[in-house]
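The structures come next, written out as structure tokens.
In the two complexes that follow, chain A is the common piece, with chain B as its partner first and chain C second.
Then we have the complex of A and B:
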């Protein structure tokens, strides 16, 4: 075991340079007046915290949470039956269906966002072929449809991997003891798949909450997510605020990181072996 | 901490320098597709150098680049030049190193908009244009509406039409100020409040580069766009099937993009040679023809209109009997007010 340890050194170095140090730097920027472009003396301050309380930040945060929650719930409602269905299939059919779910994930997310944008335009390819015009750009429902399409596989896979490993003997035992299908499902299968559900929910909720390209394109810029606020803090407001917007943006990012860390703790508690994390 | 940073910096720099050749290198940060690559190659061949061009999509992104890296040439809009001079990030142009500059005359109307400004010693004008309304001309009534109402068409019809507004505090507030009949640089709190109310009252879609695409695919009926955005679509489009048009209201803002030399440029002399190369009349004409935006010099402008047959009406950013204004950076406080106005306008639904 010891011998293998040194093979992890590149990984540790990589994570230190590109994850640990930037994170520490983010924390420093959030709680100080350090200027990113002029590294020098600085003093610690809680001033950047005020950005969290602004109406515009809160509204964006609320949008992010609401849309992410709705997305996660819909993904669960669609994803659970799909995962369950996958377990009932023959190996070969199942492999094909899983491939169909995975392959789209290999294409760049911006391309898929762009595709949804084209589908929702008043005169899309569907208008040309079928005479249907969705004309949904700018509507909340369009954001939700696109997000569900984007993140659904991340709900299906963790649930599927739990269900697949479920001990068939437990189900047989339930039936022997007189439980019907519905009782078996709600009292045996569902509770035993809780780990997958938690992972799936977090893996759809978090990326949906931190999305910024998708709401910008699909809502035609009408719905602001917290990611859009962070983007403008780091990209467009820097000169106007003499760099302070970067410290404010760091504070908001840090706030979002709290969600991620909490989510991670939740996953670890529900899924000690990490079997649902793929 | 500092040691750690310099350690990382040394590693990164050494990785970067391994791939370098021995030729001198000129680093340019520029808007995407905003300089004829064939002419850049011609410069490389003539001077035996390599030119490295990095594309960015906004003045703000470009400002970040010159703060974090070292570039020899950048192409900024006027208000950002103003701010960068303030921040000590640019160096004055050494006009003694330029031989072709004296052969060219900046178009007097354009010159009148900035000749008294502090940016003059720092800039070599590159291209100019306006902001205006790009619209879907499949709807015949829209053309009439926009041409009679001007800026009001953008602000007063968001219930009947899908209207796009530029997602940039400076441009959105400028459009609202123009609509209310005020100067784009107004820092009068009352006037800004009116502009804010106008932006909040209207139900806009917000975007930057996306807006022109949304008008073309008819997701939007009209949008505030830069003349440059319109032109690049106009030149790309198939002439028979153009479904969009551009209208510039009588009073509007003029943008001026200029070549500048950042304070920390490594190849200052070469940078001047590069600028001088692009001021050579034949090169400047070819470059303007490539990028398709109005050139800033009379000689080049006339050559394009007379010899190349460019459409006078569309091409002139400052025709007779119109009023033109130009952004100044103003104070940080004003810029922050503009940011707050944009956020409030976008937040409202």
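Then we have the complex of A and C:
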């Protein structure tokens, strides 16, 4: 059995090439004037840092953080009670409901965003059939509704999987020791589901913060997220062979990576084997 | 006591209402997609009557002028499915081998490998996309079908590993040793002893990889050049230029959706029957 270890060695090489080297290179690009398309001599510089100070960048950062935070909080406030409620159901019903939570994720994400556009548009299918119009395109609340709908299952799954595995004996013990329902919940159940809450919060906060197609479509391009700036730096502006844009884009990406590294440390701390991740 | 049962009923009702709300908001867009796929309207604002022409447009695209327009939806569908099939096969094979290797390690090294494995899962897609774009530029790979394929293999492997590892943990290591003692070579030991015992995990991983690949937008967007479009990037492009949009994409989504559900139900039935048989055998 021990000999089989060597099958995982190529994985380390694979990850070095596709994850480690590009990350190190991203840092180098952010702090230098090196051109990605024309590797040659370069000098270290802090010039790219100025992009962070631009009003548009600051506004985008603020938008990303605010919308992601609100989305994650709403997802938690809805998701935790739902996960808890699911555990009280009979096994068969529970399995079916969990499966039904996964099913919508098999629809193309962009098409689901497009569906929300159709819902929020002034003269929608609802106007024709029921005579009502939501007319929310371009409003902040529309972005939040669409984001909650998009990411809510990712809050429910990890919390549910921890709650489901919770040892019922611990709850009985708490009751035997005189705790009432509320005390049992706050002192036993809630602390023991911390791992699921951490994973769930990260799995909703990070995608919401880094979204770019959703805010662009739902806000009609009015609300800019960090993702939109990165998109323009790495895709649209690059088409004009403006080398600097990549370096500035790398600088903004580093800002995002700070969050993903923090998230990663938290997940490793709460869930070593990554059991709440799928 | 009475006050308690009141709180309990209250909580239960809150839970039920929030669950109903959850299902409503996550199924609403699916319903819209379904309705749009049978709506006789090209721009998709409002209801203009029932039609099946968008489904027909997928089956006989040559009869529908808008289907031959550029960027071409049918070409995007073919490109999506080819990358999905190839990346799933490769990622499943590699992921399973990596998982077998990781499982053979001692606990400390195993945890370290799992942490490494989870990097692409936790990393936001946009960061993964940029990282891959950078490494492809460094290796001077021009962005194409193949860079997208490598990218999809990259983000699928971790999910395969996470699906296979729990099954490996349950497997008695002595089984493999026994296989070797009975004359298996190392490779045939894996093939004949380990693989059959972890097949459900492999299948689950492959399914996950496939569904992630056909729906991917962000990573494909950053790793594809001008000539490669999958359905998501096609949609992103045509939504900016609505003249090229066709509701046939809704029909495509409904078809994929129904096929996925049928496959999952089928696999679950087979698995339940298998479990029943092994259960009866042990009795």
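One rule holds for everything that comes next: the second predicted complex is superposed on the first by the 263 of 278 C-alpha atoms of A that agree within 3 Å, B and C clash if a C-alpha of one lies under 4 Å from a C-alpha of the other, contacts with A are read in each partner's own complex, and residues count from 1 in each chain.
Rule of thumb we're sticking to: contacts are C-beta pairs under 8 Å (C-beta built on N, C-alpha and C of every residue); 3 or more make two chains touch, one makes a residue touch a chain.
Given the structure is predicted, the values throughout are model-derived calculations rather than measurements.
By the touch criterion stated above, A:37 is placed in contact with chain B and with chain C alike. In the superposition on chain A, contact of A:17 is made with both chain B and chain C. In the overlay built on the shared chain, the residue A:4 is in contact with chain C alone; chain B does not reach it.
Looking at the shared chain after the overlay, A:123 reaches both chain B and chain C. Touch criterion met: A:220 reaches chain B, while chain C stays clear of it.
Once the two complexes are laid over each other on the shared chain, residue contacts for A:55 go to chain B alone; chain C is not touched. Shared-chain residue A:235: touches chain B and chain C both.
In the superposition on chain A, contact of A:103 is made with chain C only, not with chain B.
When the two complexes are overlaid, the chain among chain B and chain C that reaches more residues of chain A is C. Common to the chain B and chain C interfaces on chain A are residues 17, 21, 37, 39, 118, 121, 123, 217, 235. Partner chain A is touched in their complex by these residues of chain C: 4, 7-8, 11-12, 14-16, 18-19, 21-23, 25-30, 32-33, 35-36, 39, 44-47, 94, 97-98, 100-105, 111, 113-127, 130-135, 137-138, 150, 154, 157, 159, 162-163, 165-166, 173, 176-177, 186, 190, 208, 211, 214-215, 217-218, 221-222, 231-232, 235-236, 239, 249-250, 253, 256-257, 260-261, 264. Chain A meets chain C in the complex at residues 1-12, 14-15, 17-19, 21-23, 25-26, 29, 36-37, 39, 78-79, 81-82, 84-86, 88, 97, 99-101, 103-112, 114-116, 118-119, 121, 123-125, 127-129, 145, 148-149, 152-153, 156, 180-182, 202, 206-207, 209-210, 212-213, 217, 227, 230-231, 234-235, 249-250, 253, 256-257, 260, 263-264, 267-268, 272-275, 277-278.
Residues 17, 21, 37, 39, 55-56, 59-60, 118, 121-123, 137-138, 216-217, 220-224, 235-242 of chain A are the ones touching chain B in the complex.
Here chain B touches chain A in the complex through residues 2, 4-5, 8, 58, 60-61, 63-64, 67-68, 80, 83, 87, 162, 164, 167-169, 204-207, 210, 214, 217-220, 332, 335-336, 338-339, 343-344, 346-347, 349, going by the rule given at the top.
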